[in-house]
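Starting off with a structure, shown below.
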Amino acid sequence: MLHFDTDYMSGAHPKVMERLMETNFEQTPGYGTDQYTAKAKELILEACGAPDAKVHFLVGGTQTNSTVIDGVLARHEGVLCAESGHINVHESGAIEATGHKVLTLPSYDGKVSASDVRNFIDTFYSDETYEHMVAPGMLYISFPTEYGTVYTLKELEELSEVCRKAGIPLFIDGARLGYGLAADGGDVTLKDIARLSDVFYIGGTKVGALFGEAVVVTNKNLLNHFTPLVKQHGALLAKGRLLGVQFEALFTDGLYEQISKSCVQKAVRLKNIFLAKGYKVEVDSPTNQQFFRLPNPVVDALLKEATFEMWGPRGETESVVRFVTGWTTTDEDIDRLEEIVNA
Amino acid sequence: MLHFDTDYMSGAHPKVMERLMETNFEQTPGYGTDQYTAKAKELILEACGAPDAKVHFLVGGTQTNSTVIDGVLARHEGVLCAESGHINVHESGAIEATGHKVLTLPSYDGKVSASDVRNFIDTFYSDETYEHMVAPGMLYISFPTEYGTVYTLKELEELSEVCRKAGIPLFIDGARLGYGLAADGGDVTLKDIARLSDVFYIGGTKVGALFGEAVVVTNKNLLNHFTPLVKQHGALLAKGRLLGVQFEALFTDGLYEQISKSCVQKAVRLKNIFLAKGYKVEVDSPTNQQFFRLPNPVVDALLKEATFEMWGPRGETESVVRFVTGWTTTDEDIDRLEEIVNA
Amino acid sequence: MLHFDTDYMSGAHPKVMERLMETNFEQTPGYGTDQYTAKAKELILEACGAPDAKVHFLVGGTQTNSTVIDGVLARHEGVLCAESGHINVHESGAIEATGHKVLTLPSYDGKVSASDVRNFIDTFYSDETYEHMVAPGMLYISFPTEYGTVYTLKELEELSEVCRKAGIPLFIDGARLGYGLAADGGDVTLKDIARLSDVFYIGGTKVGALFGEAVVVTNKNLLNHFTPLVKQHGALLAKGRLLGVQFEALFTDGLYEQISKSCVQKAVRLKNIFLAKGYKVEVDSPTNQQFFRLPNPVVDALLKEATFEMWGPRGETESVVRFVTGWTTTDEDIDRLEEIVNA
Amino acid sequence: MLHFDTDYMSGAHPKVMERLMETNFEQTPGYGTDQYTAKAKELILEACGAPDAKVHFLVGGTQTNSTVIDGVLARHEGVLCAESGHINVHESGAIEATGHKVLTLPSYDGKVSASDVRNFIDTFYSDETYEHMVAPGMLYISFPTEYGTVYTLKELEELSEVCRKAGIPLFIDGARLGYGLAADGGDVTLKDIARLSDVFYIGGTKVGALFGEAVVVTNKNLLNHFTPLVKQHGALLAKGRLLGVQFEALFTDGLYEQISKSCVQKAVRLKNIFLAKGYKVEVDSPTNQQFFRLPNPVVDALLKEATFEMWGPRGETESVVRFVTGWTTTDEDIDRLEEIVNA
């Protein structure tokens, strides 16, 4: 069987595993106070072009989102987010569990628009009863989005500007950041992300690590007591160096970038196979997640040899499906998929 | 340098790493729905003699404590705990962050007494204003405790009986459970733990795994919607099979027990070295954590060749120190320590 | 000036004040353990036809909503609610502050439909990833709604049936319950409310009291430890008898009903004045809140002699306004308004 | 029967009720935006000698404590408090429900010592693992305390200095503030309270009002978005002017002071009656709460003609009781009590 369900179906990239094996017997202090973690932070800050920023390693995406948002917002504030945003849909209420409302904005294939953000804020403060409503205290976006789409540099700059004018931090969920930066036709760099946001994270779980998310705080006024909050959220790994070792590997010799690019290239090949056959994309994604609207017989034929996600309920004649490439996806996998599609 | 700081200074036991390497390229569904996780659950339930119990895997101890306690307590309830309990001292307020008070009981070298629990409950309900106070909704104990001590079977049975009579669940924090079961002179088995508690966990992080805690819910009325709560707490690992693979390894051919016993044996040797020299234990622990009250010159001499924790502030003439053995501690380490102590 | 801003602009109905004055010097125990509170509970249960239900008195609507919802929901659950619902819009995130998501349903002039509720629940559980989403744990509706509209008896019965089949409690926010029961053309009685919901409240603040909401819990499985939760939410009034005295007055000789009917009659007169003049209602409300879409010159003329709320931002040529009658509104006020409108 | 149970057994002082009656039919905007509230704030700030401070009116003490503390603390912080403090004992976990730990200090007849506060903070930050513990983020004291005792001006100045040096706000629970300021032999003024604390409140419920607490925020950096937080906590009264009217009455012609002094004088008379008879005070209180250790036969004799609280469980031969005077306590009540005691 071919597997295109998601990008977290395997373990870690061999180079990451190799380093975990090599360091396995070493004894280092816990909770991220070791030298591997220090080195990984250094490499990440260099890659971000943000020498004064701070890096914290957490284990997974949901916990990272809820810990960051809990730390940024004041008690009376909520977080702006696309209706389709992960924190609004697929985190079992983790944000609300910390006491904060998710304030939804229209989703354009997963993205929010700067004008919607501005309007929300303007409308909010023009309402005389605004103190009876939840104040927008930050903006959450994902890059790439839950639909695989990415913001252009211009769009990101506009969002950043709106947020800075309004005095609310911009937080970028980068669970799949590598794929966003490697997006086909994309023009956003890691340095742009660091420059335009106030806090963001570099996802490891879905880009070659066993697990791990590297939070980068570029805004000096934010999250100055983040470690106790990470601990309080149960997100401080005892053997913290496991995160350091993995991110050191990912940020050595461009491994993170290389994994991301390779996955995106395979995803683009995969997309072209379906397009060539005349099938339609449901969302036009330039990253490693691809969404197609396929006739049900095609879906059924594919299901015999491949696993992938049904995106929403099966339709009467056609259904939406999601194909995802990961670091274990090979060119041979794509070749074989091509044969099936063209059979 | 010799390292006796703690039991989470290295990676995972070689057999655990071996299995992670062997399975690294396999592709399995996420969030613990894979066959390794299923197999690990089966092995654990067998070891517990509790075929009808449920097992959930989480990543770390603090998150396990806060997720379980949050799931068990009603909104108006708090959790009974020794003053010295981990949840009361060293979790950055994780329990309170979920909205619940930690109700403290006297600590006897880390343990609580059944009579104190009973008295607390009786006194509480005999107070006319009890509805203005936080109701005791469950009992938390650690096995072994934060001081390395263990309950006897009789003590556990008494605690269990008090809880069942009062209708409050007994939760056992087993972050170091293996060492407690292997305690020198101990008489408690894993099956006893399962039989006498309502929910407990088997710590992996400190007993040979990279990370991971296996929560076993034996009381059928508890935690019936635990998975969404685990997700909400940011504790649901995407690559969930990593937990399954590790616990399968630990519960195959008695590895978990073997690691635990070996560590405890080395700790007992270590204790005897200090005792033979006439030094005093601060707490008489039968497990892998050992606490000594040493003259400061001895402490200083040791610090030149070994790392270990100062337990509280340095005293004027003597100080309390903690030595911990882990799966990487060798007999040669203990030999060398003996030489230093006797030098 | 005439005042039609809202129904909480004055103190309490004279009969309520009279009783507060008469009992002012009496000394009774606190926190609602007095005989006035007991008597008021008895009168309310009789009026509800629910002798076995339980009554609790709280001070205001927002605190009642958040305390009840916090007490009903499990940690992983959220509350279903019309998008326009008070808890979703105008309570500063009070529900989220207790850790729960508000799950929104389409609003039809403030109401939700039974089929939308059913569809939400069905769709939710048919999603394979439902454990990663917030489970619908109860349904919140307001009666009358924020737009003054009311459910018919048939609609309420359908909602109740959907909820009972799904096993989720139905909670009715009755901050203005009296006006809903007195609705022009309405067919729902207090006994229906008690019979069809699991918990609801009878609003005092907006219907003749200084303050106070009477929560009636008809479902025996719910809120069995409500008093400590009320205290925890800061909603347990020290001089609890003030609530008892007021509700005793309101439920003696049909005062609550009489106030409600009188206000609704005046509101209907008021509506007819605007309709007769050819103006349009924005929402067709049968209760004491009336919404009109008026030409801006009419709005401006009215503003010279009356206060009322602009409902949303002023439009270019016409605007939506809200007129509310309260227990202090007199027939002379309506006469005078008629003169102004017809001037 | 004579009643000495507590100071919230009656309604409001006649002058307060008079003003509520006089203004009852007036129509004013809601939520404290009326002119009575504005006037009351002005009078309070004048009395505090703090023209730039801000005043907010809430309904009750527990909700005031939890709203203020929730607004002041960062997520990783807890509140320092005497073990006997109201927030630690008698608020059903209201502070923990907002996510914060109550960090307890020794109680000396209800008071904390500046040196204990300093030591706590110093010890905390000298611990290498302090990020795994709950940081002290503010100090809560009550004035008078739960035992009726008061801080001297010197003690308050020391506490204030310790807090300011440590950079943590000092919050004074003044549920019975009037009685503390009127303490027999006390040397603290309202202006001292305002000058030495960062936020405090002036209790109305127990000092002549039906209900109501006036929060005064003197530290400009604190609680700048307090109104939405008050709403979120369900503590924003719809008919907010009821609080304004009452506090205006209490702060007109020194009524608040006069009620307080009168109650304290009666309490001192009451104390002297018991002392003259040779009975012992359990706590030497200079305010309106008095604690005696009485032989059980005396207790029983008193119970035939008076109500008061047993303070803790009945002892074998003697018991501790609490007598409280309130604005309804008359000189005749004290005369009669004297007769009973001396009978």
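Observations on the model:
A, B, C and D label the chains in the order they appear, each numbered from 1.
The rule is simple: contacts are C-beta pairs under 8 Å (C-beta built on N, C-alpha and C of every residue); 3 or more make two chains touch, one makes a residue touch a chain.
These numbers come from a predicted model, not from an experiment.
Chain centres computed from CA atoms place B at the largest separation from chain C. Set side by side, C-D and B-C show the greater C-beta contact count at C-D.
Work out the mean CA point of chain C and of chain D, and you get 33 Å between them.
In whole angstrom, the spacing between the mean C-alpha positions of chain B and chain D is 42. Spacing of chain B relative to chain C, judged by their CA centroids, is 50 angstrom. With touch defined as above, residues shared between interfaces to two or more other chains in chain B number as follows: 75-76, 91-93, 97-99, 131-134, 228-229, 231-232.
Residue ranges of chain D in contact with chain A, taken from their complex: 70-71, 74-76, 98-99, 131-135, 225, 227-229, 231-232. Residues of chain B that touch chain A in their complex: 3, 5-6, 8-12, 14, 17, 20-21, 23-30, 59-67, 91-94, 97-98, 205-206, 210-211, 228-229, 231-239, 242, 328. Across the complex, chain C is touched by residues 75-76, 78, 89-93, 96-102, 126, 129, 131-134, 313 of chain A.
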